[in-house]
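Okay, got some structures for you below.
In the two complexes below, subunit A is the common chain; its partner is subunit B in one and subunit C in the other.
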Partner chain A sequence: MALPLTYNFRNLLVRRLSTSLTFFVVTVVVAVLCVLLSFAAGIRASLRASGWPQNVLVLKTGATAESTSIIYPDEAGRIVQTPGIATDSSGQLLLSPELCVQTSVPRIGPDGTPANVAIRGVDRVAFDVHPEVKLIEGRLFEDGAQEVIVGVQARDRYQNLHVGGEVMLGRSTNRVFKVVGVFEAAGGALESEIWSGRTMIADAHNFRFVSSIAVRLEDPARAEEAIRYIKGPAVRMNARTEVDYYDDLSTKTRQIVLLTSILIGIMSVGAIFAVANTMYASVDSRRREIAMLRTIGFSRRSIVTSFLVESLLITLTACLVGIAVSLSVDGSRQDFLSDTTWTVLAYELRVTPEIILSALGLSTLVGLFGGLAPAVRASRTRIIEALRKA
Partner chain B sequence: MSTVDIELRKVRKVYFKDRLEIPVLEGLDLTIAAGEFVVLMGPSGSGKSTLLHLIGGLDSATGGSVRVGDAHLEKMSERERTAWRSRHVGFIFQMYHLVPVLTAAQNVELPLLLFSMSSSQRKERVRTALEVVGLSDRADHRPNQLSGGQEQRVAIARAIVTDPDVILADEPTGDLDAKTSEEILELLNLLNSEFGKTILMVTHDPRAASHGQRTVHLDKGVLDREELNPARPRGAAAMVS
Partner chain C sequence: MKLALPLRLIYLYRNLTRNPLRSGLTSAAVALPIMIYVLSMAVVDGFENFLDNSARQLRLAVTQRTSIINPLPEGHRRKIEALDPEKTRLISVCGLRYIGGQRENDPMPLSTLAVDHDTFIASFPEHQLTDEEVDAWLRNKQAIMVGRGTAREMGWKVGDRITIFPSVPPYKLIEFQIVSTLENAQDFVTNWCRRDYLEEELKKYGAPSGNVTFFFVKCASREDLDHFRGAIDAQFAGSLDETRTLDEKTFMNEFVTQQFNLPRNLTILAALTVFVAVMAATNTMSMNFRDRTNEVATLKSLGFGSAFAFSLIQTESLLLCAVGGLVGASVPFVLFTYTPIRNITIPLIQTLEIAPSTCIKAVGMALLIGIVAALWPAWLAVRMKVVSALRSLE
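For the complex of A and B:
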């Protein structure tokens, strides 16, 4: 049987200052890790909730985002021959031409700084192509009326976007649109948008084109075939599944993860040194105690184990505190300014189980790497010399 | 009564320091009968502690043989000696070497953690050991709350809690005043006479020596003479050969 945990625990308390400093360092590393990764996880979760594998988003060749894509009506007509397009009960093809613009709306909050909100002009068919969009309050906009419905995230973050409120739209931001409803979209990116009738938006901006066409297929398995057709000579437009499209928008999260990894890597090295330093000091001041344990019959291995347990005790409890700290931001809301669409996506920070696991893994590694050399030194204590009178 | 005797034959111990040979023991012979209480005396630096360490398996001899009961220590690896120590030897040092963060009872319990034993069995053993050394009422005290004599009693309880055959004591009263020393020596006497432990004790103090059945003198690497203590006759005959 090994040395009891109380033994390690009390020894840590003896060297209170050194232990708490190291504890603090590891706590900070873990908290930074969790918070930064929760940004990435939040954005990714929001974008992942967006898009269907059987929806193909058609853009102008060369455009990577709806905001930079322009499709004229004659071009739009070419895609009706695309194989595998789903139909509704009345036999209408599920093709949704959509016009994306933006407008600046002040945020809710003391400073009320304005931000770009995405406006999507849609036809009725859009609600069949994006079945996740569900009205939760009020009613739908009427054709030909200056009315909008707003996503829940947009309503909660911008001024005057509740039902009965108003928003200024149009080329010279001079047309008043009334908010008549609020919708959800399964937590996806659409919830950060404002929707209105496509013709009303086109009128307000004097645009005669659409930005994109969302095509709903009968079966996700046919997406590849459909995309090949649209990219081919018959249509010559850019096409991707919505899932891929939103995945690409989340490249930013990959950068966050990469930068976090680098930062945490550097901080972890510091933490390892802090742990090693604390443990070396502990080993050196306990040489006689170690020699006594060896005399009693504790093996080298049990000494190594005991000191590793001691350093893991620091790093893992610090990890728990770091996770607890980061959980305080869990669920808090953030804006993500997409640099491809220049509109703001709302998302919630998420401390996911994966993040917690990686924090625990990191703390374990820091404890092991920091503790190993001191533990080995402890196990090599020369019994006889250490037992001699100081 | 312990059945473990000790036999050293032609034991040599050479330390190396800066490539220099420091011979400490040079062909030493010693036989200690089972259940005997032997006192080891000699000038400082003569190798008394070294001899104790060899018998306890803390170090290995450069030459010769060291047998404790069935254990031929010179043939055992470091790892084997470590495991052997935990069952067969109890050490008592001048410096006590208690773990400061643990209570008296927890210090005494330490050696038992190497045995497969239930926690209640361990508690029972610890209680008995503390009773033997007369410290039942100090079980929950930390070492810094104890006097030197009490600390040494805890160390003795720790040495006997595994019921070892042999007790090796290196100047156990070196840091204690005369009265406390006497109490500690009485305790060792008790362990020898009542519990039949084989004891080898190093001391500088002639009065301490009077507690043993026999005193051997170490000088210049060998045991050069011995005296029997007429006040404490012993059963088995054992001689420096």
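For the complex of A and C:
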């Protein structure tokens, strides 16, 4: 025979202060968990959405990121023999030489601190190599014009990057480029960038090289073969699939997750103590009631279950409120400076279903661990003794 | 009516041990947030010390105006030096070029900078080099000074010949000879090599040379720092390579705030955990009081005043939180001072040092939590109507 849920609910209301204090403790722990993890989830979502398994990113051997890689035209020419390169309808190889530079753009917001935003100079072929890049507003830059298109994340995070806005580029930051379009890239890292014609960027910076070459293959299964060729004696450059490249960049998120786990671990133990404390008090003040329940036929198991349900009621409702609080940051924009590329990645905080599940899991654990010992104590109440005091 | 101190202490002790489980849980529920508070504040203090240390060096960081990555011509050094030919206010100018690098067939990234060897010693006196080290550095073009942490990790020692594959041009293995493992430097990760040697290598392979990533300018005083910050940028205004000059503290702070702004976020976290501790402690104190309503009523009816009831509950709460605070502060202190955990390195701030002042602050915080947590129950005790409380006496 199980005790009705309303019994537990009403019991919680009897000790309003104690219940609500414990409730707040769990709410804060859950909210902190969700917010901290939403940083990592936002960055990871952005980097995971970046890159294709059939795209191979070629950098100079030794360079860890596009920003420190310098590939000269004669070296770039050696790539064309790579096996498995896809072609477009006109038979042109899908090889995209790209020049990556940066410029300083103030962030939107009261402080307007400058951010190091990535600028990518590309040829038309880049749009076939990165088919996820799609214009959502305005038009493409014209060849030979000082025009740029901007990623949607960059537009929303940095100042004056809307269509019609202007951005200063070039070695001396003295060339005015007009924003003529906005693009999205399936939520990926490219959305934090500004794109323009490669020749215009090369000219503005007086650079005679490219930073990287993105190679699109016919089939992702040939990536290994292509990488081996590029690393081999014929080309002697560093190659990775784009997916691997972006995966490496997300190392930082693993550190956030680790730090979050340690902090939340400690906080959760604190929350378990708080729940246990409340539940012990609840058990102690209800000895006679429990004895009575046992007398009228409720088993030990149903007493244990009842107390566990009570502690779970606190932690799970607190969890829901904690999640609701953390949802207020969902979608807010942040950016972080990668210490590999030295450019900023703009991203949205994401309270993902996985985070919500882990919050629910954590509060279930806190409820169970906090409630178990008091529940067992309740079930061991000596009936006669407790009733004698009545 | 007053209770003599020894009796009072006995009463207090009995009260706290009456429900040892509850007392233990409360102290633990305070100790854990205090532990997070101590750790968070230690990291925040670490960053502040790092930045203050940068400020003490009286150095300016000169970068390319558009982006920190864009190079500056090495010729800028002479033009900056020309701002104070007597070198009384502007002590030295050191050009640095980022190399990064890694060992051959080892993906672990290294932090290596090529610097102007002639001005490096004067610009970075905090490395505290010995005369022999300075001598070897100046004599040997292949000299490299490696961070002691890096040296330990790689198994390097003074005199070793090592090869590093740079992350920047010429992208060819370069050979160095270690002249110091920087035993007294604060930074124990970065390796420093000579830029004239790198230039030779760059020229050998036809790679672009004559550039630096940034200059560090050592000034004589704080006033000079302010003066030259403007003067350097003015010097290059309108040129092809304009500069952005910041004092070293601001320069470093830009990195810190752009990488998750750890100091700010940890401070928020510390505040939240203290809030959690207040909740947990208030919970227990109110339960304690509720359990003993009758007892307090009896005491009051015997003639003990409201002040006694108030102080009774406050002292109990203070003691519980003090125990929690002491445990919460001393565990991280002991772990990060006396156990191998102290060797864990954190970027920029190096090792986590838990200052006794942080621990004292944390214990103070715990006492404050104790006072706040007991305010409401203690107030209830003061206002308690004895007659109605005794009426429900069991």
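By our rule, the second predicted complex is superposed on the first by the 389 of 390 C-alpha atoms of A that agree within 3 Å, B and C clash if a C-alpha of one lies under 4 Å from a C-alpha of the other, contacts with A are read in each partner's own complex, and residues count from 1 in each chain.
Basically, a contact is a pair of C-beta atoms (placed from the backbone, for glycine too) under 8 Å apart; a residue touches a chain by one contact, two chains touch by 3 or more.
As the structure is a computational prediction, the values presented were derived from the model and not from experiment.
J.: With both structures superposed, pick whichever of subunit B and subunit C touches the larger number of subunit A residues.
T.: C
J.: Tell me which partner A:R380 touches in the superposition: subunit B (first), subunit C (second), both or neither.
T.: In the superposition, A:R380 contacts neither subunit B nor subunit C.
J.: Does subunit B (first) or subunit C (second) touch A:K134, or do both, or does neither?
T.: neither
J.: So, does A:R171 touch the first partner subunit B, the second partner subunit C, both, or neither?
T.: second
J.: Just to be sure I read the superposition right, which of the two partners does A:F24 touch: subunit B = first, subunit C = second, or both, or neither?
T.: second
J.: Scan A:T278 for contacts with subunit B and subunit C and give back first, second, both or neither.
T.: second
J.: Where on subunit A do the contacts with subunit B and the contacts with subunit C coincide?
T.: No residue sits in both footprints.
J.: Which subunit A residues qualify as touching subunit B in the complex?
T.: For subunit A paired with subunit B, touching residues are 1-4, 6-7, 10-11, 13-14, 288-289, 291-300, 383-384, 387-389.
J.: Touching subunit A in the complex: which residues of subunit C?
T.: Interface residues on the subunit C side: 21-22, 25-26, 28-29, 32-33, 35-36, 65-70, 98, 100-102, 109, 165-169, 171, 207-208, 239-242, 254-255, 257-260, 269, 272-273, 275-277, 279-280, 282-284, 286-287, 291.
J.: Quick one: which bits of subunit B touch subunit A in the complex? Just the residue numbers, please.
T.: Touching subunit A: residues 49, 53, 56, 58-59, 79, 82-83, 85-87, 91, 93-95, 97, 99-102, 106, 110-111, 113-116, 158 of subunit B.
J.: Can you list the subunit A residues touching subunit C in their complex?
T.: Interface residues on the subunit A side: 17-18, 21-22, 24-25, 28-29, 32, 39, 60-64, 67-68, 70, 101-104, 113, 115-116, 168-173, 205, 256, 263, 266-267, 269-271, 273-274, 276-278, 280-281, 284-285, 335-337, 339, 342, 344.
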